[in-house]
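Below is the structure I would like to discuss, written out as structure tokens.
The first chain written gets the first letter, and so on, giving A, B, C, D, E and F; residue counts start at 1 in each chain.
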Amino acid sequence: MLHIVNKSPGERATLDSCLAHVRPGHSVLLIEDAVYAATKGHAAAAKIQAALATAKVFVLAADLEARARAGAVIDGVVQVDYKGFVELVTQNPRVQSWL
Amino acid sequence: MVNEGPYQRQSSDSAYLFCRAAIESGHQIERVFFYHDGVNNATKLTEPPQDDRNVVARWTKLAEEHGVDLVVCVAAALRRGIVEQNLAQGFRISGLGQLVESAIASDRLVVFGD
Amino acid sequence: MSEGAIKKFLFVNRKAPYGSVYALEGLEVVLISAAFDQDVGLAFLDDGVYQLAKGQNTKAIETKNFSPTYRALEGYDIEKLYVERESLEARGLTEDDLLVDVQVLGATEMAALMDEMDVMISF
Amino acid sequence: MVNEGPYQRQSSDSAYLFCRAAIESGHQIERVFFYHDGVNNATKLTEPPQDDRNVVARWTKLAEEHGVDLVVCVAAALRRGIVEQNLAQGFRISGLGQLVESAIASDRLVVFGD
Amino acid sequence: MLHIVNKSPGERATLDSCLAHVRPGHSVLLIEDAVYAATKGHAAAAKIQAALATAKVFVLAADLEARARAGAVIDGVVQVDYKGFVELVTQNPRVQSWL
Amino acid sequence: MSEGAIKKFLFVNRKAPYGSVYALEGLEVVLISAAFDQDVGLAFLDDGVYQLAKGQNTKAIETKNFSPTYRALEGYDIEKLYVERESLEARGLTEDDLLVDVQVLGATEMAALMDEMDVMISF
């Protein structure tokens, strides 16, 4: 299952809601303002780190670059482009957007 | 499924770039369903600044070049003033049943919203 | 998947009513879905649990009170209403505060339920 | 200042009810400035369900009965497809300067948004 | 100074941002989905309680009633109608909306 | 207040860029305000601090990069840029990550600054 989060953890609670429903083997994709969650020194980075123990975490490179944070991604999080986003959707039998 | 209007939030941009990448990867985008404020993507009256993207025009282009069915929810559209009179090319107004129908017929449904 | 097969739908409601239109327009999709003979369930979590609060009175905000519609869902054969326990607790609510009968699930059970679905539409 | 469109969020409702209460309390509402998606309050093409409020129509009524100046930001409106052609009665399209001017001239500015 | 919050503390971080900038004697008005913050048993109610030590907290009754929470308001928080909202705006020399 | 008096304006920026339009359209108001000869300041707090991040590149999201405009504010005599320290720290940012010179204030100082304003417009 693929979970998509699009809002900043500094603004909304959607990352927390998402992570509370991620099961082992699931994938999480951070897009739009949610990409900040996966950056070094961010208060939310520890939550992403914890999620990495059982799940895969991806982040959309285009949104990182727009926000000048591509160089600050924490270890273990994988950057993907839009085609990678499409692949994640096809590889996972179901998709939940945490809006 | 796109739930936010053009410019105000990034949802419509993300959805468009996702659709284009999917088509380039050989997948078929059967339908984009515009709901909530997403119906505002379908107005032909926008005139964005020259130095920025034209959100409405590129949806139209996607429909024309790749046969993507752009469906605007009629109930949401009536609440927000999107009618045949200001409907951009490539879009059509129809019922919510089209969303459920797509969800049944397609392999995947991805929701872009706020 | 062939045309005739029945899919498992879960409508995921996570927003409070009235502050935004998602609860109302989400409900409109749910009602339409009943016509398609699919296996339809509704999940209420986070602020979505407030949609089911008993005693809503919208007179002073001059907006339509759509909460009675949740009671009408049964008539559409939509009977699977799941509410997350943690969401209720964090808001000081209990099942008695809700206007319909629901099945209360913990977050872990909710996650397992989601993992069985064919389609999830979230508001 | 109203930053959200009709129906999608409550901001426009709150702003309207606040304006009405202010007028009833003897205050003067000089101007309501519609910015961001707030410009969508100004479309004359909405047809909301009969059993719900008509957001656009009651702004028009407020303008007609109490002389409230309803100003729609031209830049935000062009991005979103609000033009003279679909502008509801009582609204006018003008520049951002009208917002700053109001802020200077009025005793209070209250922002309603998302 | 009057601070206005309109979003639910279960969804957004605006209540926290607001409370971090409330000075002694200030007023806070909760409207729309923010009214939930002032209800008994809510995880955010303790923050409102703490704010009451130095500031005044008001909540819009119309929004409480719509959400069926008018009977659950915590002690010390004052319910106002729209005219009360107008009075708060006139009584305070400046207004900040935490959007 | 008489027509000729100068008011103290504070534009309060609390949203990240690109995810929503508030940063861009907020900047448009700021630029217009310069023409009115008022006392204008900008505050960046919460996710608003990200608006000033150095090195933004919007090519892959095909959206206009408006961040250079912050550098141009000086030319409009808008020189009071306040950034909240706590907001930077919670996001792992330092002043070196920002594309313009700013004055860093703690939340207490920011609250005191707000308390001196005549008008606050928030995005």
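Heads up, the rule we're going with is that contacts are C-beta pairs under 8 Å (C-beta built on N, C-alpha and C of every residue); 3 or more make two chains touch, one makes a residue touch a chain.
Here the structure is a predicted model, which means the values were calculated and not measured.
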Legend entry - Separation of chain F from chain E in steps, with touching chains one step apart: 1
Legend entry - Shared chain contacts [chain D and chain E, defined touch]: C, F
Legend entry - B-C or A-F, whichever has more C-beta pairs in contact: A-F
Inset, instruction - Compute the centre of every chain as the mean of its C-alpha atoms, then state which one is farthest from the centre of chain A. - result: D
Inset, instruction - For chain C and chain F, let me know how many angstrom lie between their CA-based centres, rounded off. - result: 40
Inset, instruction - Determine the centre-to-centre distance between chain C and chain D, using the mean Cα coordinates as centres, and give it in whole Å. - result: 33
Inset, instruction - Averaged over CA atoms, how far is the centre of chain D from the centre of chain F? Could you give it in whole Å? - result: 25
Legend entry - Residues of chain C engaged with two or more neighbouring chains: 18-21, 46, 61, 63, 119-120, 122-123
Legend entry - Per-residue multi-chain contacts in chain A, two or more chains: 6, 10-11, 13, 32-33, 62, 81, 95, 97, 99
Inset, instruction - Going through chain D residue by residue, note those that touch at least 2 other chains and give them in order. - result: 3, 7-8, 10, 17, 36, 49, 75, 107, 109, 111, 113
Inset, instruction - Return all touching chain pairs. - result: A-B, A-C, A-E, A-F, B-C, B-D, B-F, C-D, C-E, D-E, D-F, E-F
Legend entry - chain D-touching residues of chain B, taken from the complex the two chains share: 5-8, 36-37, 40, 43-49, 56, 75, 78-83, 85-86
Inset, instruction - Would you pull the chain C residues touching chain D in the complex into a rising list? - result: 18-21, 61-64
Legend entry - Residue ranges of chain E in contact with chain D within the complex: 4, 6, 31-33, 62, 81-83, 85-87, 89-90, 95, 97, 99
Legend entry - Complex contact set, residues of chain C against chain B: 1, 3, 7, 9, 21-22, 25, 28-29, 32-33, 35-36, 38, 119-123
Inset, instruction - Please name which positions on chain A make contact with chain E in the complex. - result: 10-13
